[in-house]
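In the part that follows, the structures are each spelled out as structure tokens.
Each of the two complexes below includes subunit A, the first together with subunit B, the second together with subunit C.
Showing the complex of A and B:
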């Protein structure tokens, strides 16, 4: 019995450790908050790239759009965080739909990856060059913590709880979507667009809907990120963080909302705990992603609830498959 | 029900279909036969909107649907299956058929997020219908199996079940019994007759299995090299000299070689 649930215990143990860390250590609290923010953006990748099968290498651009919306509205116009959130949702949904349009003709694949990455670069260049609006390369400074009814989420721990609350709500709503027939339609786009068309489903409409959902989740992450860091600049939202977000999804499990969250926490904490410098971080991410795709294509989350012997069996069949080159593609 | 006139489909210099006329009445079970490469699947692809024809017209229930997107044609009640089974392999059998009912319920994003009462009702209805249809085609015991783990014959039947979940008036089946043994194909044959008798569904089907086509279809159209060379009731087709020459003759020779 004990053995069967070993990874469940491990998860509870990690969560407990995290809770203790957050209550005593400011640095761990900082990392946990950042993880929660990343996790919201990664959930978007799970929806668009995991469920719907459209590889999106531009997610950080939507985080940026959300962050800049909050920052510009807050710093330049003094508009409250709580009003900026729906505005950011509208802005990111609009740009998400815009990015979805070229995707309609591409049916996934490497060209779509190029389009999404290029789209991210376009947003980056736009932010860089609209200096009057965005401060250009100098970014925006002095973004304030949000407050509600006279209470300000000013402390690190207070802000952590705010982010966890946002993460929980986003998780809850995402689960509702992916567990509904809409989730089946998204999965169907990944599995066979022709089959969906043949049963009367307008795949274009739902593909764009999935892009919009992913963009909105990125935007929400951005609205939380801006006040947390207090200073934003264009290079924080370029292709590198986009790739990082995709790596998080792959490591945690790109086909599961919970997996995405797990991946965000693991990849935010791991390099910090190992005290790695920037170059070594990249190597670590790269190695982890390759190892995951080779050994655990469903991500770390696929270990959940399994006993050691089951895990060993899983890995050995996978290694055998690799040896015989019968590679199954991650879905 | 379906009127195809002057249909031509050219891929570069190759005319896969050349001036094809086809007319199918309500509650008809219509067979489409012809040697490999004669344009049968191309015809189905044009009729169901997967290809836009070079020339010609497709009318379904009196409406011009030439070159309309496939999903709009499916919504009008003409639903197809594929020669190479086209299921959602990672979904369970039940999830496959529920997706088949999706366009009928099409819940909005907001209603899904809020789990509105009307959405919950629709979702429960889709699930019940899914279970019913699986019961109807005999796949209920396999409802929680992933589609890709089902045996071949069951996958074909599941694809028909998914098509039925759209409540079609017109089913287009591309080789529904390919790879099945006689016993399995008799079951499909019985299913098609039942669909016509109980649900008034019109059927157009491509099949190479001659016994199946001759026993099941009321009318048959024979294609060769992109053109119609014969049409009529099975007896007429069996006795048509041209058909015997280009199609049945070669098939017999081929079968003789195989055995």
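Showing the complex of A and C:
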């Protein structure tokens, strides 16, 4: 039932997004496009961290790899966007596997956090240092909008529809993956890796596969991001955006793909809604995120399909739990 | 290979290394006591450095008064952060605590931006200038004093955890909070003391790092990942390991920028960190122990 709810939810959501896109507000269209791109990258985090239970603090690096692949191929070699996408998928899958390998032995927690975060930083530093190839700190300018059969997705609204199309395809594929036996293996790794190994499943293989899927989704987000912004520099893909993507996943609900998409939209729009408060904007934003984490640890998606009184009851038990001073701590 | 140059670079590396070690120690201590990763830890380094600038350059206080004030203020800061935020999240999932600390770091950095403004500041060479020569090796006096302060801090900490009643109760509360509380330890107090002590450690590190790196609002961020490498490679939650790995990180950093390339320096450090964890998943200084 949960599954059905979320897919219905998403449908409404995409429709709403389309409505925004069709409306004539360029600024909102811009934000909605950015949200859709973020949502694809967040989906990767949902697969690797939500379903497989492997923390990934380096997702933005894969977005960067995808963006740089498109930019370098397009600007330096004049290769079209549509050929660059499979190349970007190959590149990000390769690096995802590369990151998965040292992460295999680690039993979660701080060790995995470190490996994924430093791996992202290494990619950032490599982009920074390979100046002849990537433009170093100056980045790459003048990435062109993709075109197909003589039609260019040049306007903001056209590009928004393209991103929504990509988002829908990725959502569909992710749903297929997590609902398949493969998805069950992933959840099994999260719940108990030892139990899964004991029934003869090669968890190493599946973990690497999960890392690769997450990396590919990040890469696809990157390929859409580069032409959209038109200018990329290494700073856009450092560890802070990675952490932002993880908070999107958590705020929306890391255990469902719909939740991840919701989180991406909410946290992309929220700082803009708070723009009126000027210099207190980021302070308010941070405090709001903390409050959401405190009140809805399962994510915003846990509100869906509940009546007001149920929500009120849920929140009051939550507040009581926050007030209690139990000493036991999950290790 | 010039031996004098090598030794000199090594000593410079150890000087920054002990600072990384101090910061990593605080991070590791929170993990040991609470099993949580406190990503806002380096904010205390930034605050320490900013306060060092304000007290020494702004109010022209003496260096030692400034250090004392920093210790007191950072103690209050650490306590307050726990009181207003962290204590509510200790029983939740580790991922949520981590994200709370990350968001909090962003908030505090913005608050600091409002108070101090965005410009970078230089702190004068407050710990003494000039160099001392040992067997042809020039060592700046500043580095020696910096090393001495770090060692004194560590000695004080060692004394606190081994010889005082409250220190011992903090250790037992970290080991097993429920049993500790049955034995009369006020676990809420030891927890807030953990945050206060780690904030003070970060503040002292910030005070020490101010003349070396200059004071900017990004100071914490640029140190964060190296501190994290040191804490985890040393075996997170294993306190001597944090210092040892901090020294190794500093040494590797200084030697690789001296002999290989300063652009690729950090890649070497992070790559080495990942490689170490691939071979020894629990860090270099710790043996695998099962709890049961």
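To be clear about the criterion, the second predicted complex is superposed on the first by the 287 of 331 C-alpha atoms of A that agree within 3 Å, B and C clash if a C-alpha of one lies under 4 Å from a C-alpha of the other, contacts with A are read in each partner's own complex, and residues count from 1 in each chain.
Keep in mind that, in the parts below, a residue touches a chain if its C-beta (ideal position, glycine included) is under 8 Å from a C-beta of that chain, and two chains touch if they have at least 3 such contacts.
Quantities reported herein were computed from a predicted structural model and do not represent experimental measurements.
Ranking subunit B and subunit C by residues of subunit A touched puts C first.
Of the two partner chains placed by superposition, A:165 touches none, neither subunit B nor subunit C. Once the two complexes are overlaid on the shared chain, A:274 sits clear of subunit B and of subunit C alike.
When the two structures are aligned on the shared chain, A:111 is found in touch with subunit C, with no touch to subunit B. Contacts of A:12 after superposition on the shared chain: neither subunit B nor subunit C is touched. Residue contacts after overlaying the shared chain place A:185 against subunit B, while subunit C stays out of touching range.
Contacts of A:141 after superposition: neither subunit B nor subunit C is touched.
Comparing the two complexes, residues 331 of subunit A contact subunit B in one case and subunit C in the other. Across the complex, subunit C meets subunit A through its residues 31, 34-35, 37, 85, 87-96, 98-100, 102-104, 106-107, 110-111, 113-114, 177-178, 181, 187-188, 221, 225, 228-229, 231-232, 236, 263-264, 266-267, 270-271, 273-275, 277-278, 281-282.
By the touch criterion given at the top, residues 49, 55, 101-102, 105-107, 109-111, 113-115, 117-119, 121-122, 125-126, 128-129, 239-240, 243, 246-247, 250, 254, 279-280, 282-283, 285-287, 289-290, 293-294, 297, 321-322, 324-331 of subunit A touch subunit C in their complex.
Only residues 173, 176-177, 180-182, 184-185, 187-188, 191-192, 194-203, 209, 213, 331 of subunit A touch subunit B when the two sit together in their complex. Taken together, the subunit B residues at the contact with subunit A in this complex read 48-50, 69-71, 74-75, 79-82, 86-91, 95, 98-100, 102-103, 105, 107, 109, 112-113, 115, 119, 123, 126, 162-163, 165-166.
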